[in-house]
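Next up: the structures, one after another.
What follows is a pair of complexes built around subunit A, which joins subunit B in one and subunit C in the other.
Up next is the complex of A and B:
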């Protein structure tokens, strides 16, 4: 399956509503199979985004430390 | 040759930008070197944060409405017209009557529109405090509610992230004061694993909910409302029975933005997070709810962005580069009771920490509701 990024969400500096909310927003308008990459400088995202993915049933493609922020890629599964 | 600044939208951001430009360069406007036109589709200016207080019958709608004309500096030319198209190539905006308005600089402050049609059953059987009619209807429903289950649902993306918490905490206090709390069951729902997007706010609110007997249902993304059985059903599979459903709806950019194809898939305009220019267009600034910035959609956001937009436009009018940078500043009051509030402040780089709730902060919030009219006029 392709890991080409369909959309990048730059949520750096998003304390409120926060990177997880930004990715939920982006997921709603994406197509099943799309890979979305979210950028976050909140370390909490490394925990709470995979937790949400797991709960809802999407796929965590990768988590990458990009220096002063993280890149987290998610595939929409349903 | 005269430069024309056109501001689209007569809400918080548009009104403040228009007044601040007019008050900062009055001579240039008087001489005709600069013309400032505010285009609004409504004679009335509404301070939307007031809806929360209207819903609890703590304030009257009239306290949060003024005629737009009475708020504007004499240097601002107000035109009531319904703009349906923005043509950035031609640098013109067009009304539904076909009138064209040419601009040198355009400020887009068209806000957002609450949307109830994305979830089946929601429009038919929910209450809200995001529209004028919704706040009045909710006020009447709450005033007559004496027992049963209230469920608060939160869709994504939504305006002011503090509001769902405030509604739930105020509901608790509202029914305690009326001596009905033991007959009213309150359930707050939230889309993620904790009760608020901000960890610090969640850490404060979760024990507060527990102490006050407010049920919290996390990982709850509303998918459908069964209006027959009166059930709120989430995509995670949870079903919550309700007698009164209060919705924090999702929202999207305004119709003119969507029709002009300036927005993203939700109709929010890609905006540079520091300069507040529309990405890819040097003549357009965007502020308030109309941007796609990943920060709170709240009046205070537009308020602080005004400083950057005004400074940059005036610099450009004077032939200088636009160097003012918006730092992501947002300030929120957070109502925790009918007579108590907390307060948070944050930027792109400074995380928020809620202040200890107090009666003084509540009174400050009430005072701000009145002072708002001075801010809107550009006097503060």
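Up next is the complex of A and C:
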């Protein structure tokens, strides 16, 4: 499967649970198999988003430290 | 998995404090995002925070954390509840007793309130759920 980013959600500046909500909304309009990347500088979201992915059954592709923010990539599995 | 009933969460908002309205709504929205069925019951002092007149004037009881939320223009409790509705199954109910006592109409309240109900109805829908009281 490709890890090409289908959609990027820039949630920098948004507090918990803003980045999570933004990525969920973006995923609703994506197709299964798509990889979405969310950018966040909220510390809580870096831990919370992978928890949510695990809970609802999507795939965490990577979390990457981009300096003053994080990039979290998710593959939509259902 | 499919045949499993979604776990339920009930949140009872009592306090008018912006921080408590926010904390309860935050838990509810994230629970809805995680697939739980969430019922929020708004009663007593918490109800005035859902009056349009107070929301428009940003007139909320708060401490220093709430002040920071207002100054930094954070999405507030009603935005979190809207998010919860958008991404999952979340309903918000106003307490009929408190509404009657104050003589408030549903039209004066935020549109995110799905219905005005009594505690008996709320107990029925929250049966077997986790309960959080704020």
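Here is the rule we go by: the second predicted complex is superposed on the first by the 76 of 78 C-alpha atoms of A that agree within 3 Å, B and C clash if a C-alpha of one lies under 4 Å from a C-alpha of the other, contacts with A are read in each partner's own complex, and residues count from 1 in each chain.
Note that in this section contacts are C-beta pairs under 8 Å (C-beta built on N, C-alpha and C of every residue); 3 or more make two chains touch, one makes a residue touch a chain.
Everything numeric in this text was worked out from a predicted model, so none of it was measured.
Participant: Output check: A:74 vs subunit B and subunit C. Expected answer is one of first, second, both, neither. What do you get?
Facilitator: In the superposition, A:74 contacts neither subunit B nor subunit C.
Participant: In the superposed model, which partner reaches more residues of subunit A, subunit B or subunit C?
Facilitator: Counting contacted residues of subunit A, the larger count belongs to B.
Participant: For A:44, using the defined touch cut-off, is the partner it touches subunit B, subunit C, both, or neither? Pick first, second, both or neither.
Facilitator: Touch status of A:44: first partner only.
Participant: Looking at A:53, would you say it contacts subunit B, subunit C, both, or neither? Reply first, second, both or neither.
Facilitator: neither
Participant: Could you say whether A:12 touches subunit B, subunit C, both of them, or neither, answering first, second, both or neither?
Facilitator: After superposing on A, A:12 lies in contact with subunit B but is clear of subunit C.
Participant: With both complexes superposed on chain A, which partner does A:25 reach: first (subunit B), second (subunit C), both or neither?
Facilitator: In the superposition, A:25 touches subunit B and subunit C alike.
Participant: Hey, what residues of subunit A end up touching subunit B and subunit C alike?
Facilitator: 15-18, 20-21, 24-25, 28, 48, 52, 55-56
Participant: Write out the stretch or stretches of subunit C touching subunit A in their complex.
Facilitator: Contacts found on subunit C: 26, 29-30, 33-35, 74-75, 80, 83, 86-87.
Participant: If we count contacts the way the header does, which residues on subunit B are in touch with subunit A in the complex?
Facilitator: Of all residues in subunit B, those touching subunit A are 156-158, 161, 191-194, 197-199, 201, 219, 221, 235-236, 265-266, 273, 294-296, 328, 330, 332, 344, 346-349, 351-352.
Participant: Quick check: in the complex, which residue numbers of subunit A touch subunit C?
Facilitator: Touching subunit C from subunit A are residues 15-18, 20-21, 24-25, 28, 48, 52, 55-56.
Participant: Across the complex, what residues on subunit A touch subunit B?
Facilitator: On the subunit A side, the touching residues are 9-22, 24-25, 28-29, 44, 48, 51-52, 55-56.
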